[in-house]
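Chain nomenclature is as follows: A, B, C, D, E and F, assigned in order of appearance, with residue numbering initiated at 1 for each chain independently.
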Amino acid sequence: MIYLTRRERFCAAHRMFREDWTDEQNQKVFGKCSNPNWHGHNYELWVTVKGEPSSELGFVININVIKQIIQERIINKIDHKNINIDVDFMQGKIATTENLAVAIWNELRPFIEKEGAWLHCVKIAETENNTIEYYG
Amino acid sequence: MIYLTRRERFCAAHRMFREDWTDEQNQKVFGKCSNPNWHGHNYELWVTVKGEPSSELGFVININVIKQIIQERIINKIDHKNINIDVDFMQGKIATTENLAVAIWNELRPFIEKEGAWLHCVKIAETENNTIEYYG
Amino acid sequence: MIYLTRRERFCAAHRMFREDWTDEQNQKVFGKCSNPNWHGHNYELWVTVKGEPSSELGFVININVIKQIIQERIINKIDHKNINIDVDFMQGKIATTENLAVAIWNELRPFIEKEGAWLHCVKIAETENNTIEYYG
Amino acid sequence: MIYLTRRERFCAAHRMFREDWTDEQNQKVFGKCSNPNWHGHNYELWVTVKGEPSSELGFVININVIKQIIQERIINKIDHKNINIDVDFMQGKIATTENLAVAIWNELRPFIEKEGAWLHCVKIAETENNTIEYYG
Amino acid sequence: MIYLTRRERFCAAHRMFREDWTDEQNQKVFGKCSNPNWHGHNYELWVTVKGEPSSELGFVININVIKQIIQERIINKIDHKNINIDVDFMQGKIATTENLAVAIWNELRPFIEKEGAWLHCVKIAETENNTIEYYG
Amino acid sequence: MIYLTRRERFCAAHRMFREDWTDEQNQKVFGKCSNPNWHGHNYELWVTVKGEPSSELGFVININVIKQIIQERIINKIDHKNINIDVDFMQGKIATTENLAVAIWNELRPFIEKEGAWLHCVKIAETENNTIEYYG
């Protein structure tokens, strides 16, 4: 079994808050991350797939295929967008990196399995100090 | 003459657009950076000051002094904020990194000169690929 | 299950040696790392905790809580210190990164479990080339 | 059990292609990576070994020993070389990073086990965006 | 005056040698960099342009314009290529990073001046330890 | 004129203090950096030399020559050492990065000029946030 990881990046605005709370309540729990006028990040996204390299090509999966899947399913929808407002797969969810990792996993998984590989991990760094990993 | 550089970071939302243009005009010139619902970045800020190290302490300027100036004058005002809406020193300006570098220079300069050093450069990286420098 | 990783940094002096050996014996086994006048590093520390994100907040653990635990229990005790002399949880141990990772694990674990999450990994980079991981 | 990772780097040329295919066929499958005049990379290699730190020294394995094994068995053979032509352990294989990771695993394993530790992972980054891991 | 820097990357093979020398002579002067079967690098390229930001847009130059110039004039010609054989602007030159920086300067300058900005610096990192800068 | 930069690294202990002051006075001015039991850093050192590339070789200076000069004159004396105690060229000086940059400049300059190039800049990063540059 071989693990292949592709890094992609996206820049997005977000806000962590519950709609059913006041700004004061949100500020108390989510702190500066709940600023009502939004803030944003340069997110880094690592998608790890696993499989056996084919004896014909020596690949787990053609890197151009995995790039294209991530581009179409994730980057085109979230890059230079507002995660809370613009991103279909985050509707109705609190815009934490935890929820984002799970949502990206669910978006990518069927398309990667269709290519004969398994999705192993979705990892997202929000800043150079804060990272989330989800393994399904 | 010695040059001392302090790196700080801030996360902010912004949008590049002219208020006197339609969304279509803004989209044509500023592209995805003009998304009406904002996007954001992890900005890196490098502030370079210059001076002669004192023979008594061997410092151009005490690093804790420069940290505090940048924290109070810039980071507290812009970190986890919306550059277009929340930041006093960016009011009425297009939120390009060029304009941001000039504005930060103007904010910092008097406080650094008060400490007996000269401001040499304000450098801002918006992404790992795009960087702006301003030398006054 | 979601994994959240927080990076922190500390700068410290240390020396690798056994007190019951001569400088020559220590030099032979630990090489330049046993310099009697000490040397030092910018250590990077990654603490990974795991848990299920709460449906109420979408968090494994509030990032400010994990930051504060690491700050109080580790960074305040080791940053700008001598690991062999100044750090209570390293007393009587050879100051290898292996022993440091185990000691930090033992310091952090009860405080993280008190918050309802599990400690998953303590990772320490001594230089950009040498890294240690401990999973308990 | 403790995990120790050593990073090394090497610069090498390679080409991804099947000898039994035409340049056109190779171009169709491997794209720009099949350029007949070669291209190259600054590869980063992380070798992770695991074991119990000895109570006498506090080491999983002396870092100088693992450095020397990687240097002699891998770096001396592949750094500033052509992976397809010059590297004995890649003869007859398609020069994908997947195949390279497996081959490096097989080269290193007996020498690390001779030192009383276990090889845990061989990880290779071909670019800052593409990484392969192999765990045996 | 504002300085804007765009980073791009390319992967290429090369060999440092003089055609009028024997392999032994080349080996003596250029060392492992003269391997007759080539080696390669992940080059990083920083192109810095300078100018006054327009009051209308707040830009020195539209980042998409500078990206496109570097892509068409440099990256399309050198990425996943052999610098000695495949790159028109390096024909007849020793493939040192010094010569590469000067050649890239000469390729880019007219196209950047056509956009109303000045080329300030071409910087190339061959490895994380070796970097070349050229200011014209 | 071409600028060539070589990066090297060293790990060292130090303490910022004046011998003619009490620990309390030192603590007040130098803060945690004056810890009497030392602390330490992974320093990064960038040495920039400038010159015209020779038409015969296309080099400003052979990279192996500059590597060897830095290794012999600086790294061998300071790596895994105590800057205050062990390093001859820092005797009698406060161990600030400012003073270190000037001292390294003075050590390197004659040996680089002997090779027909000019020393342009000595840059030292003490942490990822604090950097010093000296241009003579």
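Here is the rule we go by: a contact is a pair of C-beta atoms (placed from the backbone, for glycine too) under 8 Å apart; a residue touches a chain by one contact, two chains touch by 3 or more.
Since the model is a prediction, treat every value here as computed from it, not as a measurement.
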{"item": "Any chain that touches subunit E and subunit B", "value": "F"}
{"item": "Required steps from subunit B to subunit C (each step between touching chains, minimum)", "value": "2"}
{"item": "Homomeric contact subunit A-subunit D: same or different residue positions, threshold half", "value": "different"}
{"item": "Cα-superposition angle relating the copies subunit E and subunit D, to nearest 5°", "value": "180"}
{"item": "Chain whose average C-alpha position is farthest from subunit B's own", "value": "D"}
{"item": "Centre distance in Å when subunit C and subunit F are each reduced to the mean of their C-alpha atoms", "value": "28"}
{"item": "Subunit A and subunit E: spacing of chain centres that average the CA atoms, whole Å", "value": "34"}
{"item": "Chain centre separation (subunit C, subunit E; CA means) in Å", "value": "42"}
{"item": "Two or more partner chains touched - positions in subunit D", "value": "128"}
{"item": "Set of all touching chain pairs, with the criterion as stated earlier", "value": "A-B, A-C, A-D, B-E, B-F, C-D, C-F, D-E, E-F"}
{"item": "Partner subunit E, residues of subunit D touching it in the complex", "value": "9, 11-14, 32-33, 35, 37-42, 79-82, 85-86, 127-128"}
{"item": "Residue ranges of subunit E touching subunit F (in the complex, touch as defined)", "value": "16, 18, 29, 31, 93-96, 98-99, 101-102, 128-135"}
{"item": "Contacting residues of subunit D [partner subunit C, same complex]", "value": "1-8, 48, 53, 56-60, 62-64"}
